[in-house]
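Input: a single structure, listed below in structure tokens.
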Amino acid sequence: MPVITVNWWQGNNRQARRELVAGITDVVTRVSGCPDDAVTVIVRDVAPDHWGKGGHLADELRPRGGRR
Amino acid sequence: MPVITVNWWQGNNRQARRELVAGITDVVTRVSGCPDDAVTVIVRDVAPDHWGKGGHLADELRPRGGRR
Amino acid sequence: MPVITVNWWQGNNRQARRELVAGITDVVTRVSGCPDDAVTVIVRDVAPDHWGKGGHLADELRPRGGRR
Amino acid sequence: MPVITVNWWQGNNRQARRELVAGITDVVTRVSGCPDDAVTVIVRDVAPDHWGKGGHLADELRPRGGRR
Amino acid sequence: MPVITVNWWQGNNRQARRELVAGITDVVTRVSGCPDDAVTVIVRDVAPDHWGKGGHLADELRPRGGRR
Amino acid sequence: MPVITVNWWQGNNRQARRELVAGITDVVTRVSGCPDDAVTVIVRDVAPDHWGKGGHLADELRPRGGRR
């Protein structure tokens, strides 16, 4: 009965969340042997101005080689 | 000083959250012996299209005997 | 498919966790209308020296009228 | 690579979150010795009517000596 | 900079966690477009007697067709 | 009534946790204006073999200039 929580950027769409849920569920069932139906995935969209990295809000970070 | 987090569907109303908080606080104080005032409950509403079950987004699940 | 997480003191026993899980599941199904089977409760025991309150580790707090 | 999650009231502004992230990152790097860049802070704003304290929703609590 | 938390049964081994982390990171980078290095996965092993399902501790559930 | 959760490496000691809790509480009260007593900090020690970064378990990462 695994429960997975994903914290990532807001701005994704339904298709992205659909692939995320399908992909993670596939990995977890393969590794743990539990059935698909036992896997719960909670997706949390976080705004960049509510995410801190390196002491700064993420929307104030200077881009560095495409890092995000 | 228990901290309880509830992840459930969005779409609930104030009265439901009021009963949820009162009921959970009652259970936790009864079981743990701590005073009411020491119990914190955080309620998180999750949209069905941000919740995965069985590899699918919850709003795409086919209803099965009223299961939700 | 609510998921509830309880953070509380370590030192509880099986009977306490059993009552906690039964009681919370009862409240959540009553309030949300979902079936028992759809409710997941994750219980996390936290050591007092890993819990901070008022700027101090919880096992260094001076007792105040039985508050905990 | 510490990950810190802050649950607090909604109603804060960018400047408050900026100081929060900078301040927590500073504390964590000082205590753990890790570089700034390794610290992630996720800020979650919670509405008072989704926060329970003492068995009541937080926006229904009677003020008691400025406690909040 | 996605952060993923997995709550699952204790009793897994290093190889299972290695595959879990590699697989989830692969899914998340593919869906979000972020680099591998930006993905954090935190794995939490939960004891069955600290996990409630359907109002019962998970180690007291009667097996039903291999469901777990 | 902010609740802060810190996920970091196991291997810290009481003095480190004491400074962590004091420092974070100080930041949060300063930024939010709430009293010390309203701040809860939960410290979770994570084993490097339960932490994934860049698709690998953290204890298998090659050191890069002291990064951790």
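Order of writing sets the chain letters: A, B, C, D, E and F. Residues in each chain are counted from 1.
Just so we're on the same page, contacts are C-beta pairs under 8 Å (C-beta built on N, C-alpha and C of every residue); 3 or more make two chains touch, one makes a residue touch a chain.
Because the structure is a prediction, the values reported are computed rather than measured.
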- Message: If I average the CA coordinates per chain, which chain comes out farthest from chain E?
- Response: D
- Interface composition of copies chain D and chain F: same or different, split at half: same
- Higher number of C-beta pairs in contact (E-F or D-E) found for E-F
- Message: I'd like to verify one number: the distance from the centre of chain C to the centre of chain D, where each centre is the average of its C-alpha atoms, in whole angstrom.
- Response: 21
- Message: So the centre of each chain is just the mean of its C-alpha atoms; given that, what is the distance between chain B and chain C in Å?
- Response: 13
- Query: How many Å are there between the centre of chain A and the centre of chain C, using C-alpha atoms for each centre?
  - Reply: 26
- Note on the structure: Multi-chain touching residues of chain E, meaning two or more other chains, are 1, 3, 7, 20, 24, 26, 40, 42, 51, 53
- Message: Run through the chains and report each pair that touches.
- Response: A-B, A-C, A-D, A-E, B-C, B-D, B-F, C-E, C-F, D-E, D-F, E-F
- Item | Residue ranges of chain C in contact with chain E within the complex | 14, 17-18, 20-22, 24-26, 36-37, 39-45
- Message: Quick check on the complex: what are the chain C residues that touch chain A?
- Response: 1, 3, 40, 42
- Item | Complex interface listing, chain A residues touching chain D | 7, 46, 49-57, 60
- Item | chain C - residues contacting chain B, complex | 1-9, 12, 16, 19-20, 23-24, 26-28, 30-32, 34-35, 37-38, 51, 53, 58, 66-68
